[in-house]
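Below are the structure tokens for one structure; questions will follow.
Chain nomenclature is as follows: A, B, C, D and E, assigned in order of appearance, with residue numbering initiated at 1 for each chain independently.
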């Protein structure tokens, strides 16, 4: 570990295919032993970043530093990283055990040791009984687990995972998540983990990196990214959110008032300098999460609106309610309440008075 | 690959026809090797193994056969090694240098053999390299290289690049990647290329005559025999060669079939 | 070098250089040097048996000026193209059947298709000749079947015979490369095509054929080039039509003793064929490289 | 000391295994023979190696000149070849054999030969012909097979026309021959290229006369196949090839090479050669050619290319 | 449409690979125009079922009926179905537009028509600008969308989707979901949709089919499967759940009491005959969802326990709380509360009195 604690650093790394720039100059510093998840829309450049770190494609510009040393010219097989590929890239001519043991085999580990560790890894991904199968005889999720086992068995410094759990069911995914976190704790491997599953991103990450259009938009803890989105995009992309546009009208300490189509809304700036210094009159959003909106007796300092319920939809643990508020019901709000077996006691068409605490309502600059 | 039952039947008929085309010409020498041939006609009532007996006495032909086999095997081994290496190298990029290399590999294949034979002969003469089976092997290797190279390259291009990436990613060296990942996926193509290359070497006359020292190979002998006609023991010889290679191929097929392919069907 | 190619060449600049050196070494020594030295001849001329070492383009000019070379060259190319076409027409279905077979069967059958190659080809030509001949097996069979009344000379001592014989001799060279690419086409793609309503034929034309193109082109190249280099078959079964470019070149080194002209003719041949091959390879590679990482 | 080595480039039938073994036993030398299929290969091989790859090679008299011209041969010391004195009269005095000498030195020793005569069907052609002129006989229109080779056809037609030197034709003679050949063309059924082919055509068609490029051997093959045919050498002179042993300029052991030539000039070997190949040999009389037959040894023609071009024109003529 | 309204029916369909039976005799009736999602652990046979319906693999036994006619022998290309493959199966030698238009092309539609509809489909999956790319030049999610567009463009009777949205981010996935539902409404296509995302399954499905070990365990509406799991497996697999084991002790109308390690718990049988007739003394579970457990004043009829908070973890919209209850805190409970920006006001170690309404607590037989 370097004194700075930074394992890997991307400095102004960019990637261009022909005329298309798929990655703008990107800076990213990954601390040793850290778990970073990368989140972003399809095509935003997540795989591209991972593949450049892995050495599979050369960056068009910029530097990639491993413990301070530029590794752009370092061959793939000399980088102490392992990758779980988005399309698995399993060796079709090797059995599951052969695939998983490959990394150890090429390192020249003794046969017995390989056998032992392969067994261990396969047990962890629950594929012990499939050891002698070929990849073509496996289901999608089974293949993905083989890819996972193959990458982690080498205990690399840094492990690059490209949606490694996408093909797994929730239960299994949760087990794998725990198992990955366990690895991180035990051998202090650093993780760069691409996922589309926000809960997964939150559950696993020390820091979350949100990308869009070849740019890193925000890098921070889950709580930060969820509650202090750096931009409208992040606020909309990461978790469900209500964003009501308006104009900054009044400022009072930590509080701001925004004039919107559904009335004056009180928001918190929560110590964020950029927000705190935003001039009055500026376009901004009041952002509040569906789960923060409730009916019934409001707390003091709450924002309050009235509207008509347009849709109630069961979503498992929670039920979503759509509310039409504002003049002519033109502004849609989303509410999310815990589900009840007998259903939420609300019907479409019903009028509802909804409120949310100002502390749960964030200012996001437009 | 799939095909409907009707299509399969049609294909089978066509394949049968092709088998007929390929094996028809072989029947004549094979059958004649077991009978007395007189006045251009086969005497069906006189089966005999005379031809085989005569063959065992024909040192010249047997010598030539040995030389041919040795040249063939060496040329195949060399061209497989070099051709695969070149295919790997050329597949790594598409710059002008690689294009040129490709051109070089192909040249000897497409020029008339007499040109290759002569230029190599003159070359060996100039550098004072004695003509022998070694020069014949070099000549044949140069000649069949393009074939091996091309077959391996085509297969290589069909292989998913991500396999190589995955191998490197897991820390394998270039050689390990080749041996453990590429080679198993290339064996089919290489085996096929080897058979074709051997066949070419096995029949190659012109280059051989020009660059050989004092050794004959089978095609040289057969070529020369055309003037006076073939002796019956030649029929015995080709029959034996055919029987031997068929047996060899059937054994090879056992080991050639990829295991994952068999597993899939079980 | 393209991006995609980088990882394979991979490890380091020095290794690149060593690799390149290793790759070029043998071809340069054993192909480039001898051939280059030889092709210097093509700019010389001869008088009697003496080489006149004064650079001239006469030999090249002669190829185009003299009225026998170009037509024979073109005729030969056409013949060889026909052979290539015919072998592919016959070889493709066979390769297809092999690829459609399961497990060991396909390899056994494949090898059985290759085995005839190991029967000396001179012997084979002899056999073919007697089969095709006026009273050969073919004619007798056709007569027995009542398809013809008297022996037909359609199959012997003419271009048909050359075509047929070369096809029989070279078929395995077409089958194998095609099979090797067919074998690699992911089954899933065919399923996708059928799933979208593609008929067997459509699937073949739109999916299988394009994806097997590299193999077809390799096959065509092999057969074409081998047919071009074969001067024995046309002579032995071609009758009056058996005069091919290969024989013209060959004769320059014997009776005519005109090595310079022979070298020039070969150079022309090499360039022409090479251009054809490069075009073909481009064509085939396009289809295959696209498929690489998909 | 190392065993002496003799390297021979020869046609099939000129250096059979049993002779080689016998010679090896006699001399303790190591003999290797490489067999060749065409004249062109011999030239390419010998010229390409500048004579270095072999000590002895078999070559016909028509081809020999160019080797001598190119300095690829070494002259013989006739004293070392005593058996030559036992040769048939026709070959004993080498000055009488066209083309084997140059500047008084002997560059080639004749080994075997054959004529290029006429095969005729004894049932169909009566009386037995004596001249090639019979090929033009309208009686046999459509029953004649000729050989597809411009060079030889010009030569034999010239002979038939009574031209003295059929190998060096003046332009006028050339034209004369060309016209005659066009006439021949109208009389033939087909031109053939191999003996086998001629036989096949003969078996399937009404053929009476065959210009026998492959000589006696060709006739024998036909007789073996049950044909009623006979062979003549035409009275105006029959073309004939004569193969000789020539020594390369790169000969390593001249003595040994001359010993070999002397060895094969034995009566026994000459006899065997004729029996096995059907060619005439130069030491024992064989049925190939009677003593009286007028044989015209093939020579290098004035312009092979020209003849080949003209031949194409003839074939294309209406 | 048949009078029965059943489009597709599987009768005792099974699949065996060598010695392994990967699908037991399965019965399934799919109504015309219905949207069924299939859920199950990795390797449970979801893809296998889809592939048999599509005709890619023959069933080892049983019948597959399309509108009452057995189609087992019907070739793939004559089945009016289209498939989105789990691994996409895009044609590598065709552009995106070529891939998408393939189905129309083989049908012989006029060029202009194909162009128009391809454009339409690509616009819907937001890939218009990628029309001329080759699959190898696309990101994982983009490929998946091409596969989707390719299958829907033909407007088949039945569309088989194998995790068609797995590689998409939440926002895009939601759009695609809406777009698929829209298609279903418009052209009354029937959907068989494999997914790992439970919210997705719930949001889209008319009925959910839960599989495990080659068997269909339950087939019902989302609400049914969520609140009336037919087995312990379904209760555990589908959504998060607390299952407390015990013995049926008392029965009173719709209510049952179970004696468990954390006390007597009152459960509802909710009209399910099988449950209602279960004899006293039988082993059973009390199942209740984490989101139903609250602190504070309990409603009447609630089950009540006390325990120590062991973990509080932020999960985006909700925060999960683990509670150790029972003797020695050996029984873990999970609670799930809506998140608040300032964090849930609970700390690990704190004691908490938790309760849930008996109506939210289901009886599940062991």
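As a working rule, a residue touches a chain if its C-beta (ideal position, glycine included) is under 8 Å from a C-beta of that chain, and two chains touch if they have at least 3 such contacts.
Because the structure is predicted, anything quoted here is derived from the model rather than measured.
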{"item": "Neighbouring chains shared between subunit C and subunit D, ordered by label", "value": "B"}
{"item": "Chain pair with more C-beta contacts, C-E versus B-C", "value": "B-C"}
{"item": "Rotation angle (°) superposing Cα atoms of subunit A on subunit E, nearest 5", "value": "180"}
{"item": "Taking each chain's C-alpha mean as its centre, the one farthest from subunit E", "value": "D"}
{"item": "Centroid-based (C-alpha) most distant chain relative to subunit A", "value": "D"}
{"item": "Cα-centroid distance, subunit A relative to subunit B, in whole angstrom", "value": "57"}
{"item": "Separation of mean Cα positions, subunit E and subunit A [Å, integer]", "value": "22"}
{"item": "Multi-chain contact sites of subunit B, meaning residues that touch two or more partners", "value": "4, 114, 118, 122, 160, 162, 165, 168, 174, 223, 226"}
{"item": "Shared interface positions of subunit D, touching two or more other chains", "value": "41, 44"}
{"item": "Multi-chain contact sites of subunit A, meaning residues that touch two or more partners", "value": "17, 55-56, 75-77, 87, 137"}
{"item": "Contact footprint of subunit B on subunit D as seen in their complex", "value": "5, 7, 11-13, 17, 32-37, 41, 44-45, 48-50, 52-53, 199, 217, 221, 224-226, 276-277"}
{"item": "Of subunit E, residues touching subunit A in the complex", "value": "17, 39-43, 46-48, 86-87, 137-142, 144-145, 162-163, 166-173, 196-199, 202-203, 222-223, 226-227, 236-237, 239-240, 268, 270, 289-292, 313-318, 336, 338-343, 359-360, 362"}
{"item": "Subunit E contact footprint on subunit C (complex, rising order)", "value": "186, 188-189, 191-200, 202-203, 206-207, 210-211, 287, 290-294"}
{"item": "Subunit C contact footprint on subunit E (complex, rising order)", "value": "54-56, 75-77, 81-83, 85, 87, 89-93, 102-103, 105-107, 134-136, 143, 150-151, 154"}
{"item": "In the complex with subunit D, residue positions of subunit C that touch it", "value": "48-49, 68, 129, 133-135, 151, 156-157, 235-236, 239-240, 242, 250-251, 253-257"}
